[in-house]
Amino acid sequence: MKAYVKSVLDANDRLDGRKFEDSREIEVSYGVSNKAEGSARVKIGKTEVIAGVKMDVGTPYGDSPNRGNLMVGAERLPVANPEFLPGPPNPAAIELARIVDRGIRESGMIDMEKLCIRKGELVWNIIIDIYPMNDDGNLIDASALAAVAALRNAVFPKLVEDKVQWGEFTENKVPLKFIPLTLTVSKIGKHLILDVNKEEEEAVETRLSVSVSEKGNVHAMQKGGEAGLSIEESDKAIGMVIDALSKLRKDLKWN
Amino acid sequence: MTEKENTNILVKERDVVVPGEELAQGMDYLPSEGAFRDGEKIVSLRLGLFNLDGRLIKVIPLGGRYIPKKNDTVIGKVSDILFSSWRVDIGWPFDAMVHLREGSREFIPNDADLRKYYNTGDLVVGKIINVSSTKIVDMSLKLPGCRKLGTGRVIEVQPTRVPRIIGKQGSMISMIKESTGCNIIVGQNGTIWISGPDSKKERIAENTIRKIEAEAHSSGLTEKISKFLKENE
Amino acid sequence: MAYEKRFDGRKFDEVREMEAKIGIIERADGSAMFRTGKTIAIAAVYGPRGVFPSFLQNPKKGRLKCTYDLLSFSVTERKRPGPSRRSTEISMVTEHSLAPVLDMTKYSYAGIDLYVYITQADAGTRAAGINAASLALADAGIPMKDLITSIAVGKVSDKIAVDLDKAEEDHEDGATDLPMAMSTRTGEITLLQMDGNMTRAEIKEALEMGKKACEGIKKVQIEALKAKYNGGNKK
């Protein structure tokens, strides 16, 4: 099927007829778990990922006494793909979590200083957990969007005398400064395409994930796969992502 | 005794039944595929359609993986090459075996390099010639219609929908082939190979097949599909 | 103090509102979601398929392997990823609750993998998981002599009740949790656990109540299976 995917791209077409820069239909919904401080479900075509935000308090790190902390984890649940097996996250799952983490962290999405309760003593810790539910290709973009959507939806739990009152939520939303969005460009032959489905994903030679905030600047990138990428291709890929994201931001209506 | 008068049959023909559902009572009937006897009752083993065939009570499965049967045409990928056989993945827990002498219509000498005929990763269409009691499958690649398949669009459908996709005496699949100009080979294991004049036509063929897969139980399907194909010509 | 009225107003033999849907995970061979009140379980089945490593293959019968777990954000205090002793135990009892209706001799050397995840937990998670698992197995076309239906019965303070929610489990006077599962067609119990404090007579009463509740739950399961095919009988 790899050769077939390539031949279809060579004929300037894609398996499902999309343009190279088009994404499948994207759906975002919230409230996956009422126990989470925030949660979201993202569907890109048939690919589905859920993400949840849990929060806790603790002592800050020595080198950032007035800032809260962020941790992003992902588990490629065996429900999503016959090839995923139960067990600790493998390199692919860890890479996924770290790509999403960098997009959020480097863009300054969360106002970490507003997570400080008492400098040097007590700060809020935010933990995002990502779970793919169905893998029809492009888990990275679906996961990144789910994590960001869950954060947009997240509120602080009640804090009484420095203890979190589990299950009780406030109306205070997690303070966000920017909304980074991530898209991955995949290279098959000499073609660069966005949002691969599972058949296309098998033919991907290398990919570049790019996170961009609404400022228009790139905050994180990750190249994956074994083939090479020229400077021109990298530049073209970044351009594709920036253009596609300006359209996505309009569609999501997140202002 | 007609079905209506017979109160020993507890469901109607082609009713959707579930595991554990009571289908019949009394000793007049025999449980067949998908059903079993529990004392006085005959009970369904699966989610499927009730079918009364003479005295045999069957439940035709609505889903589930392909179960290999003798004489089935299947499409698979060569997964391994051994000393005098190839292994082919046909979507069953155990790869099918193609023995040297079943490999080709040409004569294959004993010392031949098997990779010259079929290499790992090659897509092939073959026929199942035997299924042992422990479900080990023997496959032939030399019977008429069997061959290595070239580059083409490969899709997977639910094996239980294959009969509907093929249609009575191949009528449904012929309609799709004619309308799209595509060559289509349908494996009983749910793997379908499509190769046509261009990817657009192949896509129409795929979408049509997916439509049949999704609406396999509805009535008037042939007209719906015919209309769908005309709209896309 | 006696427990006169349930916190959410239900009758003592009443199960919370339920919802079930099958085929929710496209890549799986079979899948289902089952919700009881605010507890939501999803189950996915892959199989029959190969068993690896090969020394685990059994020539006499196939291997049903269940993996159950809570998602990190399904509970109020985040659950660390990775199997806990609790989830390992529940995985095993789930397998055993389904085994009596499955004929694994049909799948010698092969296996069926069942995955159950709780996306939102409000007590009764293993029961919701088993209900979802039965549906997922049926959706995957795996032959079963019956659907397995499960519910947690128990005692809240001084009253026997069906389908305890989290608030009841945490009742200040104490509560007993008695998860059960059965094949309602034969009345055979396939899962039975308990922790708390109950007399023999109370246990019998609870089991009878549970059996009735299971009959109602089974109706929800059957409806979900048939709904996928629009109630059937279409030519």
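Note that the chains are named A, B and C in the order they appear, and that numbering of residues resets to 1 at the start of each chain.
One rule holds for everything that comes next: a residue touches a chain if its C-beta (ideal position, glycine included) is under 8 Å from a C-beta of that chain, and two chains touch if they have at least 3 such contacts.
Predicted model only: the values in this text are computed from it and were never measured.
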item: Given subunit B and subunit C, the chains that contact each of them; value: A
item: Per Cα centroids, the chain farthest from subunit A; value: B
item: Interface with more contacting C-beta pairs, comparing A-B to A-C; value: A-C
item: Computed distance of Cα centres, subunit C from subunit A, in Å; value: 32
item: Centroid distance [mean C-alpha coordinates] between subunit B and subunit A, Å; value: 39
item: Residues of subunit C touching at least two other chains; value: 49
item: Residues of subunit B touching subunit A in the complex; value: 151-154, 198-200, 203
item: Touching residues on subunit C, where the partner in the complex is subunit A; value: 25-28, 31, 38, 40, 42, 44, 46, 49, 67, 71-78, 81-83, 113, 115, 117, 119-121
item: Footprint of subunit C on subunit B - complex, ascending; value: 12-22, 34, 36, 38, 43, 45-49, 61-65, 93-94, 134-135, 160, 217-219
item: Residue ranges of subunit A in contact with subunit B within the complex; value: 1, 3-4, 7-8, 11, 13, 15-17
item: Subunit A - residues contacting subunit C, complex; value: 32-36, 39, 46, 48, 50, 52-54, 56, 73, 75, 77-82, 86, 88-89, 127, 129, 131, 133-136, 166-167
